[in-house]
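Across the two complexes that follow, chain A remains constant while its partner is chain B and subsequently chain C.
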Partner chain A sequence: MALLVVPACLLVLALLIGPMILMFRISLNQFSPTQLMVQALSPDNYIKAATDPYYQQIILATLGIALLCTLLTLILAFPAAYWLGRMESRWKSLVVIATLFPLLVGNVVRSAGWMALFARDGLVNTVLMKLGVVSAPLEIMYTTKAVIIGIIAVVLPYMILTLSAVIESIPRDLEYAAANLGASGARVFWRVILPLSGPGVAAGSILVFVLCMNTYATAVLLGGPRFKMMAPAVYDQFVRGNNWPMGAALAFMLLAVTMAFTVFGSVAFARRYRTG
Partner chain B sequence: MLFRFTGQSSLGQFAVRTLIVTAYAVIFAPVVMIVVTSFFAQEIVSFPPPGLSLKWYANALSKPEFLRGLMTSFQVALLATAIGVPLGTAAALAIVRGEFRGRGALSSFLLAPLAVPGVVAGSGLYMFYVLAEDLLDRDIKATTEGLVAAHVLLAIPWTVRLVVASLQGLDRAAEEAAANLGASPFTVFRRITLPMMRSGIVAAAMFSFIQSFENLDLSMLLVGPGRITLPVAMLNYLEFRIDPTLAAVATVQITLVGILMVVTDRFVKLSRVV
Partner chain C sequence: MAQLTIEKLTKRFGTSIGVEGLDLAVNEGELVALLGPSGCGKTTTLRMVAGFLPPTSGRVLFDREDVTHLPAYKRATGMVFQSYALFPHMSAADNVGFGLEMRGLNASERKIKVADALKLVRLSHLADRLPRQLSGGQQQRVALARALVINPRIFLLDEPLSNLDAKLRAEVRLEIRALQQRLGLTTLMVTHDREEALTMADRLVVMEGGRVRQIGTPQQLYDSPDDAFVADFVGRCNILSGRRANERQFRTSGGLLLPVDVGSGERDDADAFALRPERIAIVPGESGEVRGRVQAITYMGAQTEYVVAIGDETLVAVRPTPDAGEPLAALKANDSVSLQWDRKVPRLVPQTLS
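For the complex of A and B:
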């Protein structure tokens, strides 16, 4: 029986673990414009990423955008997740599938949709001008705003599905009991629903934060060529700079942050609540 | 119910409803928009459109990068699913039914590809492929085999996750009964266990295929001239312009994913899988 796991494990070992070890080793090499990669064993690339203003700015921008998007997504997703979690109609499975569907369509397609919405003559500008809100078309494309909206659209379904699963498991009687004892709607939310959805909020936020950190298509297409986040910066190091050691170091940093959050999330919350 | 409670203050109720509508508007707006744009008569995307047309679909098919991208993505997704799902299913079976130590750790190990960011895994594979090419003196990057190998990494964890979930809920009484009545272990597996795993396997195949088909992050460093997947071809095109031709290609992809989900949902209740 145990032999059945061997082929799958070997593949993961060869195609994921091996390349990750190789990547870490390469991140300790050095880059020379003439020889490209020089064998070395130094943390220089990591030091450069942490101290060079160019990389510092990319890392800080990525963290800032990921944090902001996670927070906004949480606020936007909670009512929808509650609505979905408490839904009892036969449409429920349809709503779940509809929430899942955009996730499976892919980020490139969805970014393209935002490009059509945000263009100078796009729907957003046309509507705003017709309503007289603005007199000249807004420049939405290639701004941080556009990227943030694009990212939120990508991660919202994950947050809604994670939260609604937890909210569904909160007994409704608790809400009725609180209301019977005179708590207002807002009080029921703050004192009953929100505390009990804690594990869902934590699991969803960690998942979403990690996804935001690793945004590629949305950042490139809606942010334009000069907008920099970590994932596009990694890609650039390999394709434009041909600088493997730096690319490997940046990729490894991205991996380390992702893994730290994922492991922290699963250890701290999934164990304790068995829900996430 | 939150609605009923907040009903005491109509302002709170209004805010909650607005947030729900906004959330779903943000989720669906880009998808709906790209489908609508594909029918615009004029090439430059502007509102309101002067007329509607289907000509961009023909135009999209006449562009070799999209047609070839579609074929490549289809081929890669099909092969990765055909390889990854059986391997993942075998592993899932061993993890749930096996009686050896470290099964929990093995399951986490096989799910690891989901936790590694696509760009990071893609970068690692890119360097691995280039160095292996020097060593073996043959092309790996920008070949179907290279792309399929990478995408098997998507199929395995999805299959393990979904098939393990479907196996854990199974009652073993039917298998024991069949064995007691003299069925060989292979017959028990073929006639009882496999049919009971069907929903997990079908869902795994759908997720593996779609995850591969729409994948950008993992693939973009592994493509090359003549071997470009559809999402990479779309991304390259979009860096210069958004037009109804691209929207038509995107709509084809949306339709394909939609059909796959509807077909799968007939076998498995997708809402129960996720």
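For the complex of A and C:
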């Protein structure tokens, strides 16, 4: 039976671990505008990524946006997840499919649609101006706002489904018991539902955080050319700048920051809610 | 402790009936059990009293206060759930203290009351355990302490014993009853277990299809059921359909004549003869008024069950297991016997068995 695992392991080894080793090696090389990649063994690219204000700013912006989006997604997803988790209707599976529906539309297609919606002469501005709500068109496109809205729309289904699975497993009687003991709706939430949703909050947040950190299409299409996040920056280095060593180093920085926050978050969370 | 009054309480789910026009008063310090098969509306009733479910119509009163529209968290009922519903992320002590915390007691006040409550259920030594580290019986006692520590106005028990094994159940039954009487708790209990209801309750409410069939003391319901459903539900019962033949006999649909007494307060539509198996005496031989043939004898330890065929009808008699040498000890299948009972004992009731 154990042999059956081999093909999957080989695939992962060949297509994930292999390239990562190669990338790591490349990240230690150096770049020259004339010769492009020069063989070397130096940490210069990492030092540059960590100290150069340009890259620092990209890393911090990416981290900030990812954390903010994760938090907002959590807050937005919880009521929907609760509703879905407590749903007893026979339409439940249909609602689950409806929740997944946005994922059927690719990020590029979705973002393109949003460009039409949010543009200076797009639907939102046209309607608002016609109604006299605003006198000049709102700047939505190519702002951080647009990117955050775009990212949340993409990751929301993941959070809702992860949370609702956990909420569904919390016996309804626990809510009744808390109410019976004098807890109002809000206190039932804070003292019973939220702590017991811990595993779902952790899993959903990690999943969503990783997705946010690696946002590409949404950032490029809704954020515009001046907006920088890590994934587009890596792409720029490889394709526009032909600077493979720097691109590889940035990719590893992205990986390292994502992993650090994920691990830190899970450990802190596990310590907070050591239940099971 | 308060008196609980339920007036014309009705709950409909869409077009189906949950509870229909229930009237009931539970006096201070009284334990009333709602008894019935699943789907009879007993749990729905309990949930409406606790405030988890809004009634379609009717009222719920604690003393003279109408609580029908009061949210559950303001009702101050203490409920023990069938699943216990202990908070899995809190220790036994924190579970017990939860209601006190919600009432705004500070930590030191809580500590004293929690310690008292845990002592009451003999669990002081396990205060720091999480629910999953406790046995079923211990969890049940935490649930009990948690419901009692808040000095509830009404004590509610939802099938409190159904998750315990048989031996523990008998023990906890007595324990809860003793506690309920000592503390004078006005209690509404839901159960589908007739033995539990008969042994614990001051009064029983037998429900079926959302309606009350009969309310009375265990003895009233056992000895004088209003209809065949109640007779059958509160204990084993021989129920034979037919009609009263004359002042001293009942004629079964199979044509068999059975001795009964002049019915006082008997309903005109009575079409069933109800007689408990332990009320039937068996005499070997063919001497008596009701004669039959033994079909099967089942030894059940302290008691023995005899299935006796009389014409096309079958009656079950349960007697204390006879000692060797007694006439019944020699009885075997196919022997002729006669059955006897005090003619005042059988009840003629409407047969509403569905």
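Quick note on the criterion: the second predicted complex is superposed on the first by the 246 of 276 C-alpha atoms of A that agree within 3 Å, B and C clash if a C-alpha of one lies under 4 Å from a C-alpha of the other, contacts with A are read in each partner's own complex, and residues count from 1 in each chain.
Operating definition for what follows: contacts are C-beta pairs under 8 Å (C-beta built on N, C-alpha and C of every residue); 3 or more make two chains touch, one makes a residue touch a chain.
In this text, all values refer to a predicted model and were calculated from it rather than measured experimentally.
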Clash or fit, chain B versus chain C on superposed chain A: fit
Contacts of A:W83 with chain B and chain C, given as first, second, both or neither: first
Partner chain in contact with A:L22 - chain B first, chain C second, else both or neither: first
A:S184 touches, of chain B and chain C: first, second, both or neither? both
Chain B versus chain C as contact partner of A:L41, first or second or both or neither: neither
Touched partner set for A:A136, first chain B, second chain C, both or neither: neither
First (chain B), second (chain C), both or neither touched by A:C9: first
In the superposition, chain B vs chain C on chain A residues touched: B
Three-chain overlay, closest Cα atoms of chain B and chain C, distance in Å: 7
Touching both chain C and chain B, counted on chain A across the two superposed complexes: 179, 183-184
Chain B-touching residues of chain A, taken from the complex the two chains share: 1-5, 7-9, 11-12, 15-20, 22-23, 26, 75-80, 82-83, 86, 92-94, 96-97, 99-102, 104-117, 119, 121-123, 126-127, 149-150, 152-153, 156-157, 160-161, 172, 175, 179, 183-186, 188-189, 193, 210, 213-214, 216-217, 220-221, 225, 231, 234-235, 238-239, 244, 247-248, 251-252, 254-255, 258-259, 262
Complex contact set, residues of chain A against chain C: 171, 173-174, 176-184, 187, 191-192, 195-196, 273, 275-276
Residue numbers on chain B that touch chain A, as the complex places them: 1-9, 12-13, 16-17, 19-20, 22-24, 26-34, 37, 44-48, 87-88, 90-91, 93-95, 97-100, 106, 109-110, 112-113, 115-121, 123-128, 131, 149-150, 152-153, 156, 160, 210-211, 213-217, 220-221, 231, 234-235, 238-239, 242, 246-247, 250, 253-254, 257-258, 261, 265, 269-272, 274
Footprint of chain A on chain C - complex, ascending: 50-52, 71-79, 81, 83, 85-89, 98-99, 102-103, 130, 132, 146-147, 150
